[in-house]
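One chain, chain A, appears in both complexes that follow, with chain B as partner in the first and chain C in the second.
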Partner chain A sequence: MKIKEDYLLRNVAGSHIVVPVGEGNLDFSGVITLNDVGAFLWERLQSDTTPEELLSALLAEYDVKSDVAKKDIDDFIVKLKGADLLAD
Partner chain B sequence: MAKLRVAQLNVEVEYKHPTMIKQAEPYKADFERPNIRVSISDESMERMKEENPHLNEDELEYIFTGAGFYEALLEFNGFMLHSSGVCMDGYAYLFSADPGTGKSTHTGLWQQYFGKDRALIINDDKPAIRLVDDVLYAYGTPWSGKTDKNLNMRVPIGAIVFIERSTDNRIREITPNEAVPLIMGQTIRPAQQDKMIKLLDVLDTLLRRVKVYRLGCDMSFDAVKTSYEAIRVREGQ
Partner chain C sequence: MQTKQVHLIDIYDVMAEKLASGGTSTFNPHGTSMLPMLHDDGDKVELKGINGKLKKYDLPLYRRDNGAFVLHRVVRRPSADGTYTMCGDNQWHLERGIRQDQLVGVVVSFYRRGRHFSVDNIGYKIYCRIWVAVMPLRHLFIGGARRLARALKRR
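Right, the complex of A and B next:
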């Protein structure tokens, strides 16, 4: 599981901003804003990973209960799929 | 090739039609080396004519030399914000919105209310923004959209305001989170990653220093008072 190529995540004045880049991506003109957890997960999803790896990374970084973290990850993946942002 | 000085950059532009000849005149300068070269080949002019059959060569030359300049501007800590920029007491206030919303109308009201000698239109449609010597400036350029209102000057930016039509007048400051998508919707978005990073880096500095607002307004002097009182830079703060 991996985020599609040609998206750029950048911190702009404290906000996590994702914008499309690359010639093949001109039809999408939006901007995605992420919260801290979203940006953390996005960074990990720039290389191939699994929901299990995301969970252990999130638990290592944030003081959060396992079931809450798992739900955050599931929700995030559903959103990414809905927006067609995942490769394969 | 004409030599112009635009936004503190040496710009060589090739043009031959009346709109550009007139618009470029106040920006003529002399220099040895250009920072930016803008020209439209006969081949691309033919292609643009096919793609934009409602525009003539004069209009296409004006639009696409501007597009060339603004894309190159990304290499120099700058970008274009689609907005009407008014200079008032030493600060630039940029009113941005989709075409037809009334940004020129709003800055025109500033001129009526405060007087044309006090409220100056820097650029009525496409001011350049640059970070130079750690100051964020708005610049007049030869490319000011459908009106010829622009002045060859630079002014520190006081505020950026996104306007929408409303039956009453109200204004609120917005966060960078809300401002970034609005700004990205009113500039030329580069496709290349390196240019996008440069754009986002300028936005990072801009949004840390310059306040951004949303204004709902009608076309009255009350709209002017509402925006001016909220956004004006008060010295010493």
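Right, the complex of A and C next:
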């Protein structure tokens, strides 16, 4: 499981934004904004990873209960799939 | 995770970096100053970086000294001091003295009501020339249209 490569994650003015990059074009007309946890997960999804690895990383980084973290990850993955942002 | 439009000030550094590397950037312009060409409800413009001088009818994004970003058209040939005279398509007051170092990028294509147009489109070129040529008369019909709209609203 991996994020498609034609997106760029940047931090601007304290916000995490994802910008579509296509054939040398940055499209700011519909950027995606992420919170800190979303950006954390997005960074890890830039390399091929699994939900279990995401959960381990999230629990190591944040003081959060395992079931809450797992639900956050599942919700995030559903949103990524819904927006067709995952490579597979 | 949400999608939203961002302010130019927030993305300026990223945009400038992309344009400097030879890429293009697309964004939604805001406001009514470029009507009837561009609407403030989803129309988009694609910018490229600027190498050399702009020409009359070019549509650059530039930054005023107060920090404001503006997308207005070059309506005169460059002045002897190399500065430009700009005007929005929905305006008639000229903005003189825009320097080369204030320019961010120039429009190479745009999406109007979902349709994509290159600035090389012949219809667009004709529009630019006619619209700039009638600039001295714009206040008559733009002002008249606004008065008519206000009168209709009062009824």
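Note that in this section the second predicted complex is superposed on the first by the 82 of 88 C-alpha atoms of A that agree within 3 Å, B and C clash if a C-alpha of one lies under 4 Å from a C-alpha of the other, contacts with A are read in each partner's own complex, and residues count from 1 in each chain.
Operating definition for what follows: a contact is a pair of C-beta atoms (placed from the backbone, for glycine too) under 8 Å apart; a residue touches a chain by one contact, two chains touch by 3 or more.
Quick caveat: nothing in here was measured; it's all calculated off a predicted structure.
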Chain B versus chain C as contact partner of A:Asp84, first or second or both or neither: neither
Partner chain in contact with A:Asp63 - chain B first, chain C second, else both or neither: neither
Partner chain(s) touched by A:Arg10 [first = chain B, second = chain C, both, neither]: both
Chain B versus chain C as contact partner of A:Gly38, first or second or both or neither: second
Touched partner set for A:Phe76, first chain B, second chain C, both or neither: second
Which superposed partner A:Gly30 touches (first chain B, second chain C, both, neither): both
Set of chain A residues, in rising order, touched by both chain B and chain C: 10, 12-13, 15, 17, 19, 25-26, 29-31, 33
Touching residues (chain side chain B, partner chain A) in the complex: 175-177, 180-181, 184-185, 189-193, 196-197, 200, 203-204, 206-208
Footprint of chain A on chain C - complex, ascending: 1-6, 9-11, 13-15, 18, 22-28, 44, 46
Touching residues (chain side chain A, partner chain C) in the complex: 10, 12-13, 15, 17, 19, 24-34, 38, 76, 79-80, 83
Chain A residues touching chain B - in the complex, by the definition given at the top: 8, 10-15, 17, 19, 21-23, 25-26, 29-31, 33
